[in-house]
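You will see two complexes here that share chain A, one where it goes with chain B and one where it goes with chain C.
The block that comes next holds the complex of A and B.
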């Protein structure tokens, strides 16, 4: 024992006799508010003030009383608050406007109650209670600001920091870390532990999630997320006491399409983004609220950029679409935006090589060629990432040139653009939660629309809804019945011969989801009429419930059908002399005649560029303002987060300039003017962030006499990680494909 | 003076007139006529001791005795037409400026092997290509690439 320690002991013992509490003493106790240790002082602090200042609920928390009898009243710091029965103390505090510190509690996950950070004092309770796990009882008097609650938090924080490394300067979570913030707000200014900190071996969770397990505070949010939301049993807790570790039970990668969300969920820096590791600090980034275009869900995202570079993509809260999750493809494909970019207009010379030219020359060549071909030989194809404004401009331009052969890839050659209910998710994504029976026809929502799949999983988990699936064998993360692989099974259900028919007809809110992969089939109309027969018989389409849904694949599909991008003739591409590809990379170009002139307008050098004669560089979705309609019919907008690369321009501006060079000037010069034009075609595209459901149901359609073929349904998305030109250019997506899709 | 003439005649006899003239030009005797500074150095050199020659070819002379103190060490630059003080390498600088009595050849042994860089003369005013430009400068040939994307290369067929 050192001399100094002896001296301090002597001082402390003498202090007890001299003055009760002195802040100027050399040695202070660990509690940062020692005067509140005094019983009289804390009693004075407890007495509620006469007139309470008004408090607003935390983060706009609201409560709906389904049954007024269920309402109970509790008091939080003296404020009376009415809550429904069954709410926890923590939720009651949030409604009363008190933000309780927490680590393990997450409103979308089950309650664990193991971090103890949310301790509050409840009157007549001998000990502080964990508010996240404690149901509120009528008349409960909750105190969140008393010395006991404060001391409890301080003590919990001290224990949490006991084994937490002091590596905030090299930690990627630094600046957005819950532990950092809460230790500043609720922690003590010193700790008493002088022992060595424990260390934990890092786990390999795959190419997306980086782990530094020494930082883990065992809140088990990631374990609960993986089992409850993602539906994979990969993560778990091993060991007891200080040997407790989060990990995969055996050496295994985390194979979920939602695994990136554990990065957001982790309150400390134990799980961070591997591609983003050591790239930037969160306070250097500029956030732009935008929309994801990699699938038809239209997840709300925030694009974090630094200068001309997209650094990362995070989810944005939208209860109707993606809640607060996004898929791994959405989160990690952004490095594709920096590779394989088209940055100069190019013309293929006589020797077959591309030469960079000026915009003036490139547009002049295209305008010259388009006047040399017959109007019916002009074909336009919009790509799966096109925004509504540029599709409108392309359609107007080609119509002025006399052609009406223009469509969006993925819609097939006979798209049903007449009835909106024929191509939308009529229930809405959040409406799927009310369903009790699902019939998935030729769709694998887990790879086609991961966020829709998460909703179905949530429903199945909560209400034990039945899921029937018709299609090729595939991987589901919830219980399902594999009914068959082809249209025959569908016919059997329609004729009532299949056992699943009784489940469907007895259900209160049945849902049929038809995959957009069927659009490419020749017997598409016949399949749809069989599905409509099922809908009629099973009472699936009612005034209050339209359970016949179509799940689209691409971000541009719904808007293109709203705008009426329908090809005039089926075989137009075989006889085309002039093909205008607006970012269309998945259209098969083998059928295009070899003497046809192909213009590729897009942002990535992907598959179609190699057939192009002229390349016009355009802006990617992170670089332009554009309207997209998602699968449920909700129009949303992207906003430019970073500047365009090189000499690239916005899609609609290129077409507008081309129309002027070609002598058929389009009558709009601004985005607002194009939107005015869209208003005359599809006014629903202008109602931003608002779901515009279909007005007429599919039952109005006459039945088609075609026969269904016996070909089984195919898979629409072969590789979840690579579906469009940006994701195909991404290195991270290539790594995911190599490591996670290994069979 | 006579000995100088005698030496010149001797070398003409030994190596021929052409070689002698070339040597005259290379040693800067011809530029002496236009460059008084060089001429003065050459006259100074007569009777001085050559202390050393550095790796650039600069010759370092010393003459003790009748020269004025402070003017008893000097350099004759290797380049006769374009010379300046920055051509003196660091190891000779101390000797030349009376900081030390150790010659550059002796001090060269102290030069650090691992990180000692080669002496470079100051080329200011000689043109942009000779001047040092920082990493971000647009005239630096090895400047950092600030583009944050990689363009598609139209090389494949």
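The block that comes next holds the complex of A and C.
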């Protein structure tokens, strides 16, 4: 709720009431029986008065009429709105462009109706009604800026402030606090209570959420979030009356992977970010709208920075991807951006120690070595945080050097880059909501892609969709059937011998999600052909429904496959003489011959640096503009929020410079030019913020003749909090690993 | 003038804050959060007895099978009777398991109702009604007498574990105010009784305590020998004849 908006409304309404000759005065009469109103007035209320300005819905509120017969008309301050049946008064007001103050109501949570801040006046109702819980009825005349509504809200506000400490100057929520904003519009400048304020013991919810429970106004948003969205029933409302408090009763940490979101939904400063505590004020921060790269979901985020430092990361609304939540890893891994950074080009000397050199020297050394080895001995590996532009540049550069052994880590040695449907979440993340049966094959979405898991949980909660899971025992936050651990079970389902087969074939919109961890298996093709058999038998791929999905692990994977980063030979790394690692830290380097020359280009001194001969410092995702494609095939862009560290450069610029030193100049000098080059390879990468579904279904692929092995599926992500070089450098993620992971 | 007014107001405010802070008149026997102690922690095993398991089944059968959680209050009550009048956290966990909900949902209920004791109480838990009619008729004196006689504070258990004194809200015996209730947990859930002792006086409640200590059962109900149940002292003073039929309202006249 914008403070300005509220203040202006308060001003506007007071103007109306102070002037007795207001032109709207007749419409706004507070008479309970319509007969007593004069006919002109009731006629005026039916049609929008001419002088009312056209209002725009609050926060882009939209309305979809599934059935036009269900539309009803209500009047908000005399302004008619058409809404579907079942909407609440508050939603109707939002559509009419009136922002109702609220604390407990949240559009993505169940309705509690306990803060009473959203009181409005409804004609013929003897008392003000709580608009968030009141269903709108046909012809209802809602009045949001009458003296009664204002007085009711002022009364509620006075009670809310009764036990609320006036510690805004030391509160981290200060400046973005709903209570603070709304008290500017409805609060009094003095209290009437002389009793002592109550105090509540602070709770320990773990390393991420700081609690100052005395500030709590018992809106129960956090309890509802934990129960409904996060799926961990740890928080509750304890006690009664003035002793009521939010808590866990027994000492318990909040172990959800979405726990950070309670910080956002808390309307006061009771739940704030522990790592961000006392670090900055929100008005000092510069917001940059960007994309998260810690997993393949591509959650929309806002990077709040102050000067050269990322201070915090907040979610941005994107209904199709992350709604308005982000995972804890996305929210809190930013402190890793300040540690272990590579800021100078370095060359490993004869004594095994790195020596900082100039860019010119470092590039010259790399260019010299790359010309000394045979083209087939050159190998390039793109890391999981690489953007599409730099992967394009790397591929072009190594191709010009004569090698085609380039791949992206996590894709395995035989990636299927031919059919996009073979590596994308074909339903789309929001499309999963239509599903009624899920079959998860070798994937643990809770740790691999927390936002996809939240979507599955939402579906399971709403429609009681069935979930079958094949893989090692793991934690789910919804009901599921553990069908088995290995490809055997999959074969049984394909042959129709498994009881889950009937569930799958009887379902209207069945969904199979295959984990990208399977890409690393030798029998990957065989597993995929079994899954395709199931898809064929269960009628899972139809013209209107492609339920065969792959859930990728890393931010770079989809773009790398779109760009065709496929290694030419399987064992290239074992005979490599020159290895170019572009931020690749999870590639196993034991097989690299000891006499190979390893170049590491990246932003963090992580695992691969130990083996590197030359280090070329690059920019992290917060410092560059780059294109990422998420698991569902939606291309999105990061934007630079902070300057690069030290002498680091953008990845594609380093490769571009290296190509020139090596004498094979790449033909692009700007981001625009490199995108033009991408257009010739994968034009879908240029359609920003738009999901590009796969055109051909995976069924076109010839069946694999290989047999599946009996090795059970493994876990792709062992530690949710540490999956890439930035998270491994993060202190907060280390604390989470130590405290929250179940032993 | 204004300055003097301001000073006066300031003095008033100071006066308000200088008052000795009221002792908390909390109705609950425990905090709103749990602190582990040797006799109350989640690791202690707790189960319904076999006899009570049958009762649990019976209680749950009152509710539809998909609304098992409706049984939370009767089950907590049963657990409390079985466990000597109070609910350790492991008992709440056991109830949560029976009705298949997250433990926090049971904690919420148990902390909401002051009748669920979450810390130890005596075998005889004496509850003094503190609501207005009883208070006017001297419930404070009764409480003081009990506390003084037993040598404990409110919600504290005597050293021998026999008695504890608490306060409760109106039990509907205002006509015989003041009253105390004795919750008898000395014989488990089978011998559990919850008796009212009405028309209590500070002397009489001490006598009741001593009778209970000796294992006797003082007669429940009014403690005034001249009264029968809620009747007036010395017999009826009114309503001697047959009551007249109520005059019918003339609805047409309205």
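Note that in this section the second predicted complex is superposed on the first by the 691 of 743 C-alpha atoms of A that agree within 3 Å, B and C clash if a C-alpha of one lies under 4 Å from a C-alpha of the other, contacts with A are read in each partner's own complex, and residues count from 1 in each chain.
One rule holds in what follows: contacts are C-beta pairs under 8 Å (C-beta built on N, C-alpha and C of every residue); 3 or more make two chains touch, one makes a residue touch a chain.
Everything numeric here is computed off the predicted structure, so don't read it as measured data.
Judged by the touch definition given at the top, the superposed model places A:339 against chain B, while chain C stays out of reach.
In the superposed model, A:594 makes contact with neither chain B nor chain C.
Residue contacts after overlaying the shared chain place A:201 against chain C, while chain B stays out of touching range. Applying the stated contact rule after C-alpha superposition, one finds that A:247 touches chain C and leaves chain B untouched.
When the two complexes are overlaid on their common chain A, residue A:66 makes contact with neither chain B nor chain C.
In the superposition on chain A, A:237 makes contact with chain C only, not with chain B.
Residue overlap on chain A between its contacts with chain B in one complex and with chain C in the other: absent. Contact residues on chain A toward chain C in their complex (touch as defined above): 194, 196, 201, 203, 233-240, 243-245, 247-251.
If you check the complex, the residues on chain C that touch chain A are 13, 16-17, 21, 26, 28, 32-34, 36, 42, 89, 101-105, 107-108, 111-114.
Every residue of chain B that touches chain A in the complex is listed here, in rising order: 147-154, 156-157.
Residues 307-309, 337-344, 346, 352-354, 604-605, 609-610, 645-646 of chain A are the ones touching chain B in the complex.
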